[in-house]
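Everything on this sheet refers to the single structure shown next.
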Amino acid sequence: MTATQTLLFALLTPLASATLIAFFLRRRGALASYVSVAAAAAIFVFTVLAIRDMGDEGIVASWDWLTFGNFNVSMGFLFDGTSATMLTMVAFVGFLIHVFSLGYMADDGARARFFGGLSIFMFSMIGIILADNLIMIFIFWELVGFSSYMLIGHYLNTEEAAAASKKAFIVNRIGDLGFLVGIVYAYWHFGTTNLSEMQGIILANSGLISATIAALLACGFIGKSAQFPLHVWLPDAMAGPTPVSALIHAATMVAAGVYFLIRIEFLFPDSIKCAIAILGTSVAVYAGFSAYGQNDIKKILAYSTLSQLGYMAAAFGLGFPGIALFHLITHAFFKALLFLGAGSIIHGCHHEQDIFKMGGIFKKMPITSITFLIGVLALCGVYGLSGFFSKDAILIAAGLQGNVLFAMLTLGAFLTAGYMGRLVWIVFFGKPKSKAAEKAHESGFTMLLPLVVLAALSVVGGYMNLWPEQLGGIIRGSKDALHHLDGYDAMHHTVLILGSAACIVGLLGSFFFYGVGATEDRLEKKAGPVYGFLKARLWFDEIYGYYVAKIQQRFANLLSVLDIFVIKGIFVRGTAGVVGLLGLGSKSLHVGNIHGYVYWFLIGLIFFWGVASGLFKAF
Amino acid sequence: MIDILFYVFAATVLISALVMVIAPNAVNAAMAMIVSFIGTAALFVLLEAYFLAILQVLVYAGAVMVLFLFIIMLLDVDKSETSYFNDKMTLGASIIGFGMVVVLVCSAFLGGNHLPEPGLLPVIENPTGEGLGIEYTTSTKSFGYSLFTKYMLPFQVAGFLLLAAMIGVIVVSKKQEENS
Amino acid sequence: MEHDTNSFILLAAILVPLVTGVIALLGGRLNTSALRSISALGFGIPLIIGIYLFCNFDASLIGEYNFELRAPTGLESIGIYLHLGLNAISLPLFLLAGVVGLAAGLYAMNSKAERLNLYLALLLFMLGGLMGTFASVDVFFFYFFHEFALIPTFIMIGIWGGAGRRGAAIEMTIYLTVGALLSLLGLIALYVTSGVDSFSLLELRNYLSEQPLSETVQSNIFALLLFGFGILVSLFPFHSWAPKGYAVAPSGAAMLHAGVLKKFGLYGLLQIAYPLLPEGGEHWFSLIVWLALGNILFIGLVTIAQKDLKMMLGYSSVMHMGYAFLGLVTFSVVGVGGALLMMVAHGLSVALLFMLATCIYHRSQTFDMSAMGGLATKAPVLAAFFVAGTMASIGLPGFGNFWGEFTIFAALAETEHTRWLVAPAAIGIIISAIYGLRAVANIFFGQPKEVFVAQLESDTVVDLKLSEKVPALILIIALVITGLFPRLLSDNANSELANLYPVEDTLPHHEVMTLPSTTDAHKELTH
Amino acid sequence: MNELLAEFLHGYAATNEWTVIMPEIMLAILALGMLGAEMVLPKNSHGLIPRLAMWGQALILVVLLSAGCSFGGDPKGYFSGMIEQTNVTHMMRAFFLVCSIFVCYLGQIYLSKQNLAKTEFYHLVIIIAAAMMLLVQSAHFVMLFVALETVTVAFYVLVAYCRNNSLSLEAGLKYLVLGALSSGILLFGIVLLYGVAGNPELAGFSRDSLAYGELAKFIELNPDNLLVKVGALLVIAGICFKIGAVPFQIWVPDVYQGAPTPVTAYLAVASKAAGFIVLLTLVRGPLAGLSEFLVPVLSFIAAVTILFGNITAVTQRNVKRLMGLSGIAHAGYLLVGVIAALTIDWAVYAVIFYLVTYLLASFAVFGVMAHLADSADANQELEHYQDLARKRPFLSGILTCGLGSLAGIPPLGGFIGKLFLFVAAFQAGLYGLLAISVIGVVISIYYYFGWIRECYFGTQVAESESVESAPLLTADRVMLGALVLGTIAIGLVPAVLPIIP
Amino acid sequence: MTIGLNAFLLVSGLLFAIGLLGVILRKNTLVIYMSLELMLNAVNIALVAFSRYNGTMDGNIFVFFIITVAAAEVAVGLAIIVALFRRRQSVMVDQLNALSR
């Protein structure tokens, strides 16, 4: 089996499983779930095989798909270190989350649909990772959008799920609009959309770098990775089942935006990169603040995801795509861990998601809690944990570039520690604050295993030298680049101190501010306006809601009225009416009296004779 | 001399025709009609179409008008019909229409500017018919000849026309028998 | 002209539906099963023939027609022959007609329409006309078959239509007749002014390629064809007939008309107007662009405002025509190819949606989307199919529509003077996403509205029956095939279009430096 | 009486070949024979007479067609130039025979519901047929006038035939007065032409100026003589009355409504067709010299006629008036064909083709009307047709095909007819008229399809005004079916109508 | 005779016009019908005049036919008028407009 075929199998296995489920296993939920999990496992196996066979040339393959005149679409693989790294992560985390879902969704009526959706998602995600050209990326980009739509809407008959899925898809579409335009422009600009060819062209003549195209392509990233101003869909997307949030909206899909940037890094001029850095930083801070306004455990995690994505964007913008990827990977580990942990808690608390109704979970669900805490620490970037290395590198990069970004990102780190602390103290300690919390119970094996594994990864994931050497080449590259910048060491120490300080201060601060097992939000009590401001998240949803309901809808109604009354009413019906009136008129000419008719003859006679004697020269 | 006759007859024709048109009483109209027909016959005579003149008097002044008078009497509709004088609309319209037609007619025929005046050819007793068509003649014989040679087909068709008319009159006016 | 057997097989694809239709019409006393089996023949055989011909299609005949058949019918004096044949452009539409015809037929056969035999007969006539339309080389018969297929629509709407059918039927018919007559005038004008004494598209093409008409003549005739065909395709200001007409039309008629018959106009522009009258197309360029944008943006927003499901579908099918027009105005192989894909895929998806709309109606007893909700719990398969149809129509990859739209966008970006159009046109994909997903959410997801709860509980609400699944699956599978393997259509069409439309190499050719083979992650060999 | 004249006239008489008008003579004999038959036959077997009429004419049709096959094709004059036979006249003679056969058929249906004289009806119909056959062959104004008047007088009678129905009589009166008026105008025109063309003072004057050929020569020489123009236009005015063209169309709805349905059909088809052929013969023969003067006038008439007919028909509910008004519209289309025929030779045949399709379609429609009519058939409203498809499916099918063909919908014959006309008009460059015609066709869709709509899309009205009439016999099915099949056959394979060369 | 052709034509034209006037003006169907005969008469005059001045007999013979036809027409017309009178008890056109619109 050649490496290409291996990749093909890795790509098509989940599709096959999805089709199988869709057509034959709709009513056999259990079977469907096993099929899907098996598919996920197979993906991981194929990935490993592929990485073994890739050699240092990578795997390249391409098939023509559609040709019209000058326009040629091809499908192909560009399986190099970067994509290998990403694929490994996705395959592994994906597999774990599949396993987790076995337990989590055990008693769900529509399991089959859920696992089918997961398989479709894996298919599309792997497609993005392996794609060798922009068009193919776009295709699978849309497909992950669809699968996320499907999975967010899993709980069909809840209004919020319906709304959230719709919102996610449409907001993503807005981003994809720019992406699409960027692609077609790029096609006629470079004569191809093949990544390596474009890179070759740009290496040959860097003058061809076009800010417009880069910016347009970045729109896709903004939509998918939920950056300003298209971030609104991500928190709502938490309406989906928790494993989905873990897989799609934390670990992989939202990160795909960053991955996409890394893939096409060579297309970006510094201006756009800088813009992206600023964008990411601001999102990091913004999301950090917003998290304080949330009581839903998943929403808090969602905002933390937002801010971490901001970090990745910043890393990329600062010119270190490798570090961005690094943070992406580590983040995938601990954020998946956190979400799964939250899922486990929610599962244990019988689908109670409000942190102020939990408490005392630690005693009830020890394993979950421990793993969760590990995840928290990793996220806060406590020294030695995976999160530390990546965030550390980002801060260093920021520090070396400019002070503002550095300060903001440090602030972000502090905020992160703060809201995670808030969550931890309130959820795990103190005494249960609701029936659900009292009856909380530790989850089953299938759910704990992934937690443990991910916890382990969150601890050691940061040590590059533990990685297989085919992987993370680009990360090493960027790290080296960072190391060789002057002032690295000094900055390293400052960041070390500041970062650790940030997380300690954050954790302790939240401890003292909120207190263990608080029953309600102290901030809300003490400083209502502040809390309200944070909760409002700069009123983005309100603004969009207003636009959709008041402006867009009314405009549409106006146009439809125009369409009916002006175009149909006046032009079409009007003409018919005129004819009808004329008809009535000419009908009334038939008076029935012979004289009335003889007049016609007289007129006719005079007319003809007159014409003959040339009275009417009109003729 | 003959010219004067022309004017006299022409005047007779036109005036009696006008009388016929405006006479409120149908019987008077019919009488005026007869006069104008006879005037026409006289004009025919001036044009030396004696046979036609006779025919005119016999058929029109005789048969047709008698038929008219007969019907008028039968239907007893000779009560004077003056409504059209009150009906200003009709009156005005007809006057205008009439005027326009007259103008057109005069513009066509007055002063021979459109139709050159041919000189009167002599009337031949024994037409020889060299060239196309028979020269103008008074001899009834040639009339009959050409009817039965050149105009054979129309002549026969006219026969059927009369037959159809006869059948039609019967169909329309015979008392319906209550059979079938 | 030598006729091989395939020519007559092609002819059979037209005759079989007509004959079976006549049988169904006269056999009013046939028992239902016999009627069904006969009409099933009529609906199935054209598709089978289509696939057979697709397999035997010889793509090497560029500028020629496969399976040609040429027979006099008494119109030779004005150069009209019954001249059938298929080329790489008409073949996809021929297949489309077969597929949609089969789906519509299967669906109609099991519908509870009264006077079923008349209904099926009319559908069969329509199908026969459609097969003929796309199999005609002779532009007169191209028109003839279209009209032939149009009339059954009128009767079907009139007899089996929904509320307000009387008015809608007449209005639609009159409106479409205007379009048809204009295009007929255009075709006659083409015949007369070209001076080649034939209505055969081939001869016209060969002749006009040697001595093209003067520019004014071209633009005049093009105007006739544009507005004639435009009305039939519901080009922007001339679309009023479509939404209401489709809203009241019975599903079979709506499927065949919106799905296939409507494509007649685009096909005419694509195959006749643009290739024969290029300068005319140039002359009307900007107008068409604005009207097409009207289709996409104006009608798109109007679609958002719709509450009635079928009206929404009708408007959306109007909107998508805008893309096809944009594809045509680029006057390049790329754009026209995109339009071709668009036509086929849109035909399938819109037929699917109209059919499912009727299925929904049978369960919800209403078309008012704001009065539904939560249907998915009772009818998951219906929901899944409808979502599939919606996703197809809003251009999700994996369905043919995506390739159509994407290719058209690419074509717009190809040349400088259409590049600005990409963005406004692409806004359409957002608009369609909005109304499509909103419809799905309103009908299937969330809690049922108060008025709908009782209806939803009634046991009439069941999932799709087999008789509804099969036609839907046929269409979905066709959509997926076009979505996964667009080459099936594009490869042949590409070479044919390259013969009809100008191809200048607009691709930039930059020199490509092979990457230094370091341990850099991006090391690649460029192929 | 001298020999010269005698032999000169014998030269005339030599050309009187009665054999060439054998069909007309046989028709006349048939007509007379039926009067005889009525006398000799016992009352109870009078039912034979209509069959006699139809079969007799069918026989004559056979004779005519066989003669027509032997006909060479080049025009040839007979009866000292009174008539001239061309292949157009041959087609038209068959056309009129077919018409009168169908009229006899309709008459049979109609008279079976009325208490009227029967035999005379067929007699007159046949005489009209013969006269029209001569009318289209006539090449001499005397012949034209006499034949025309025969047709007209017989039509006066037929329109007023239903003498116990005052509507029919009133229609007869209107037709009579206006007809006489128009023949007066026609005559005046003829006279002017005769006089001017025979005027010895004018160049190229003719001694036999009533003959078309001579007249043509004269007009070629002096086309812009005022009186020639006046005469020509007055003649055309007289014919416009026959074909129902604006402004001489105004009588049409009333007379069509009042006349018995078969007569309406006869007027609508045969009389109109005769008028058109005469018009064609004139504008292409004697008046050819005036064409650039006539074209604008005729175009104007055609345009107004098309619009008037269609627009007026839109709001009309009475079906007989509706047919009349739509007939006006068709006259307009045919006028377009006539104008085209001034420049395009084959347009003549396009006109004839259109006439034939019009014949088939109209007789289908009128046949249905005759079947549905009760004793007072002047007042058939569209409402009577509601739900016809349920009550009388066969008839509604026939009606649909007929109306569809009139509207010009493929695959029916009417469409092909319109196609030929349009192509001819295009070749003649009559773009304006084409536009008008298209508008007209579009408007016509409204009322034709409105009628069909009444039949099919019925809103389940109460069975009260359902038309109870005699069930269809096989003969009826055959007759009507033949019409529709003919229409469809022409639409699908126009070759079945070998008219276009 | 020095009277020219045009004089006769003028007479006939005027007679024609008068006949037309009668047709327009009168309400009595019989009189209208007489006026129509008058118009035919006018035509006859013109015909004979032409025939005389052009020196061909055809005009005369035409007149012969016209008279025949006119007689026939009169017969039929009067028959119809009488029948109508039987039904409607009137010969006035303004009462004979049952057929309209």
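Here are some notes:
A, B, C, D and E label the chains in the order they appear, each numbered from 1.
The definition used in the following text is that contacts are C-beta pairs under 8 Å (C-beta built on N, C-alpha and C of every residue); 3 or more make two chains touch, one makes a residue touch a chain.
Bear in mind the structure is a predicted one, so any value in this text is a computation, not a measurement.
Central chain (C-alpha centroid nearest the global protein C-alpha centroid): C.
More C-beta pairs touch across one of A-E and D-E than the other; that pair is D-E.
Set against the C-alpha centre of chain A, every other chain centre is closer than that of B.
The distance from the centre of chain A to the centre of chain C, with each centre set as the mean of the Cα atoms, comes to 35 Å.
Distance from the chain A centre to the chain B centre is 102 Å, each centre being the mean of its Cα atoms. In terms of their C-alpha centroids, the spacing between chain B and chain D amounts to 30 Å. Distance from the chain C centre to the chain E centre is 66 Å, each centre being the mean of its Cα atoms. In chain C, no residue reaches two or more other chains under the touch definition. Multi-chain contact residues of chain B (touching two or more other chains): 90, 93, 97, 101, 108, 115, 117-118, 121, 127, 133-134, 142, 146, 151, 154, 158, 161, 164-165, 168-169, 172-173.
Along chain E, residues 5, 9, 16, 19-20, 23-24, 27, 29, 32-33, 49, 53-56, 58, 61, 65, 69, 72-73, 76, 80-81, 83, 94, 96-100 each make contact with two or more other chains.
Two chains count as a pair here when they touch; such pairs are A-B, A-C, A-D, A-E, B-D, B-E, C-D, D-E. Contact residues on chain D toward chain E in their complex (touch as defined above): 141-142, 145-146, 149, 153, 156-157, 160, 163, 166-167, 169-174, 176-177, 180-181, 184, 187-188, 191-192, 194-195, 198-200, 205, 207-210, 254-255, 257-258, 378. Residue ranges of chain E in contact with chain D, taken from their complex: 5, 9, 16, 19, 23, 29, 32-33, 36, 39-40, 42-43, 46-47, 49-50, 53-56, 58-59, 61-62, 65-66, 69, 72-73, 76-77, 80-81, 83-84, 87-88, 96-100. Only residues 20, 23-24, 27, 29, 32, 93-94, 96-101 of chain E touch chain A when the two sit together in their complex. Listing the residues of chain A that touch chain E in their complex gives 587-588, 590-595, 598-599, 602, 605.
If you check the complex, the residues on chain E that touch chain B are 1-11, 13-22, 24-28, 30-31, 33-35, 37-38, 41, 44-45, 48-49, 51-58, 60-61, 63-65, 67-76, 78-83, 85, 91-92, 94.
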